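Letters are used for the chains, namely A, B, C and D, taken in the order the chains are written, and counting of residues starts over at 1 for each.
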Amino acid sequence: MTAMSDLKPLIQDLVIANRILAREDVVDAYGHVSVRHPDNPHHFLIARSLAPDLVGPEDIVALDLDGQPVRDDGHKLYLERFIHAAIFAARPDVMAVVHAHAEDTLPFGIAATKLRPVIHAGSFIGSEVPVWDIADQFGDTNLLVTNIEQARDLAVCLGPNNVALMRGHGFASAARSLIEVVRMSVYLPRNARALMRATQLGGEVKYLSEGEIAARNRGYSPYSVETWRTWEYWANKADCGHLLTRPDDLPKT
Amino acid sequence: MTAMSDLKPLIQDLVIANRILAREDVVDAYGHVSVRHPDNPHHFLIARSLAPDLVGPEDIVALDLDGQPVRDDGHKLYLERFIHAAIFAARPDVMAVVHAHAEDTLPFGIAATKLRPVIHAGSFIGSEVPVWDIADQFGDTNLLVTNIEQARDLAVCLGPNNVALMRGHGFASAARSLIEVVRMSVYLPRNARALMRATQLGGEVKYLSEGEIAARNRGYSPYSVETWRTWEYWANKADCGHLLTRPDDLPKT
Amino acid sequence: MTAMSDLKPLIQDLVIANRILAREDVVDAYGHVSVRHPDNPHHFLIARSLAPDLVGPEDIVALDLDGQPVRDDGHKLYLERFIHAAIFAARPDVMAVVHAHAEDTLPFGIAATKLRPVIHAGSFIGSEVPVWDIADQFGDTNLLVTNIEQARDLAVCLGPNNVALMRGHGFASAARSLIEVVRMSVYLPRNARALMRATQLGGEVKYLSEGEIAARNRGYSPYSVETWRTWEYWANKADCGHLLTRPDDLPKT
Amino acid sequence: MTAMSDLKPLIQDLVIANRILAREDVVDAYGHVSVRHPDNPHHFLIARSLAPDLVGPEDIVALDLDGQPVRDDGHKLYLERFIHAAIFAARPDVMAVVHAHAEDTLPFGIAATKLRPVIHAGSFIGSEVPVWDIADQFGDTNLLVTNIEQARDLAVCLGPNNVALMRGHGFASAARSLIEVVRMSVYLPRNARALMRATQLGGEVKYLSEGEIAARNRGYSPYSVETWRTWEYWANKADCGHLLTRPDDLPKT
């Protein structure tokens, strides 16, 4: 028999992730973040239907890879929870998922210009950011991903990439850790703004090269001091520094 | 004899609506929100002449569909209250009205580009957003809607739509509930920004299709858990979460 | 012998004006606001050299129309106080002056596009907003208006208008009251943004007509309930609502 | 034997500099500011690896001009500390350095348009702002300056100028005092925004002349009342006004 993980630190991290995404304007009342269950890869943790800024540890529920609750305790769930389910199912390497509507990602979902990394902090979105249009397979909908079939189609579009834009709606991002998916989701609109403004200045824009994107990705560790620094900073800004659990393997200050 | 409604919850909701619109930068000292009287469709509730952010329950007055006070208690009234009166008179389906000057709606009132939904949260503005120019009927004015004739002309321009832009001034929006009109008024400038930025990127912009706008409208309920989520979130952000009254028919969390 | 005015309410208003301009991002550490002395038109009140956000009643000093202190109590003064002196000297109708660097006014001082009213709240800047270039008369300077000759040249450029942009620097605005000059200075960058964004949308932009600008100006009273509303709102936002003195001739609420 | 300086006031100033840069959105969790050691020009003071907003006096360490700690007390250091080391080594006139990623400087690092002063507050960036591309000498990297060779190459590109943009990354700025480097770093993105927006308005843009840039530079003193004013203002905004040490040679208020 395997000892079960103590979920408390992970749940606190998920609460922090919710609050950071709200504070950094990645989500408002809508949008959500999830993390794969450490003991069961077929389950994931996510908040019940609640604005991310208001989420506390008691609001976290476990869902399975069909988007159904592991234990039905009557909580109302996010309509679009299927996005998380389908990405966790299709991508065993992915440990955390965000779906959000960050304003400055929206123009790239409806215009012809491709979103690509132009700043080093944006490199983690990867060299290919596909745009998923729900209308291609499902015709006229309310644009929400409200069932597992739609979510699986989105996961196919995402493929091996880190971010898919969703036309007229927002984006889904996927990463190897909560810290990483939050960081990518915060820098995604920032990279989008840098690209928009450079485009408006006119002339050629210098994108990050494939080699640079690869070099950054190789050098990235979700538990380095540098990564921790931004997590700690954002948690404090979001008034939940008291929930921080410093990983044991970080050097003491 | 019919029992009168207890107005207290509705008045609290109207106070919340005022504070949310201020917090979300839809109104500043100017702009106002109203709700039709639940017992008398010929009356509506609105604040006395006061900045929305400072409105409390004691500042709410009842006006009739000519924009005149039901009971004259000497309060100074909004100069442009006629906008609300005329829209409630022309549109029996409308239960709540906002008039405001949200900054990013203004360019679409003075430029040739039409404002149309490009993001799902903007779908409720509808496929047709007419622009009313007060000068067309009334020549050189101070641009304010200060009498019932001007307001009726605006209501004619609004027609069966949800939003009319007012050239060089702002907009009027109309909906079936307070929650709905607040939500539409908050997402209106956000949709405007997405469209402006996509336009600046160059090339074709993908608008929401008529079918998508209709599908979203069909699926919308002002008292769903999803709608409540944003109302609760915004009320908390606007420091008036304590005024929230949760509808009886929402599932418990 | 004429009784002297009680200066306390005016000084409190001037403190409020300082705080509002800081809170609304019209000034930062630089920029200033002044009011003509009620008993002596050859004097005006302004803060000593201090960031407007930090100004209190004890920081207000009186200067003459050469920009020199009426009573030298050793306070360091704003380098650019001459702007106020020269405008008060040239324009007996002007009771209050602002000089500031509000960011979104700057592009119109360095580009060829003219700043003109496009929104009703921007009408008070008037149909003509001249651009003063200090280099025209004074060659290469540090761009600051540091003597009375430069300031008089600026006042000539301002002429009978309400606002002059200063190339590569900021603007000077002049009005008949503190409330009016603050209001104009807050809405000036807002009008600038609406015009910039409409221009970026492409096609013709509809400006306010001369008749509309005149109609708004005719209808304006610095002591109406509507004007008071925004003053009260901004003062509260700037955390100095407690300094407000409600004019006696406003209707009670 | 020379008496050693009391480092406490300088360390407090460095803490203030960290907090101001965070509050003014020049840095987030990343970016750093340093000051040359007053007693030993081969050493400089900088925070250990920590978000600038969280830095306190106890987090300041001394490094040498190879970027190595003067006394190894086990603190984790900024990966990019070499930027500071190389600039202090190459430029004896420089007393303080900032490296940051302020968002609105980024477009000018990736587009063809040159960043030049267009507003008086932006004059201190100087007439020439070179763009350093790490790829020119080092090929595909993660874009970070993680060794002294890369930093020396950046310092060569900076040359005698005050600011170098770093393609796809951010900027490095260098000045004769902490106050000056902070001020330049805050106004740098503001100048960038003014130039971007003027460019978008179309037509010719009026830049500051060489003579104006020189005149401003001549007139600048890091310890004048005017410079102090903005330092005091920003420190208060950043909630660290209590750390301010007023220089003895400033006139009393």
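We adopt the following convention: contacts are C-beta pairs under 8 Å (C-beta built on N, C-alpha and C of every residue); 3 or more make two chains touch, one makes a residue touch a chain.
Please read these numbers as outputs of a predicted model, since none were measured by experiment.
**Q** Look at all chain centres (mean of CA atoms) and spot the one farthest from the centre of chain D.
**A** B
**Q** Averaged over CA atoms, how far is the centre of chain A from the centre of chain D? Could you give it in whole Å?
**A** 33
**Q** If you average the Cα atoms of chain A and of chain C to get two centres, how far apart are those centres in Å?
**A** The answer is 46 Å.
**Q** On chain D, where are the residues touching two or more other chains?
**A** As it turns out, chain D has residues touching two or more other chains at 199-200.
**Q** Could you draw the chains as nodes, link the ones that touch, and say if you get a line, ring, star, complete or other?
**A** It is a ring, because the chains touch in a row that closes back on itself.
**Q** Can you name every chain pair that touches?
**A** The set of touching chain pairs is A-B, A-D, B-C, C-D.
**Q** Which residues of chain D touch chain A in the complex?
**A** Residues of chain D touching chain A: 28-30, 48-51, 53-54, 59, 74-76, 79, 101, 103-104, 106-108, 110-113, 133, 135, 139-144, 167-169, 196, 199-200.
**Q** Please name which positions on chain B make contact with chain A in the complex.
**A** 118-121, 123, 190, 193-194, 197-209, 211-212, 214-216, 218-219, 225-226, 229-230, 232-234, 236-237, 251-253
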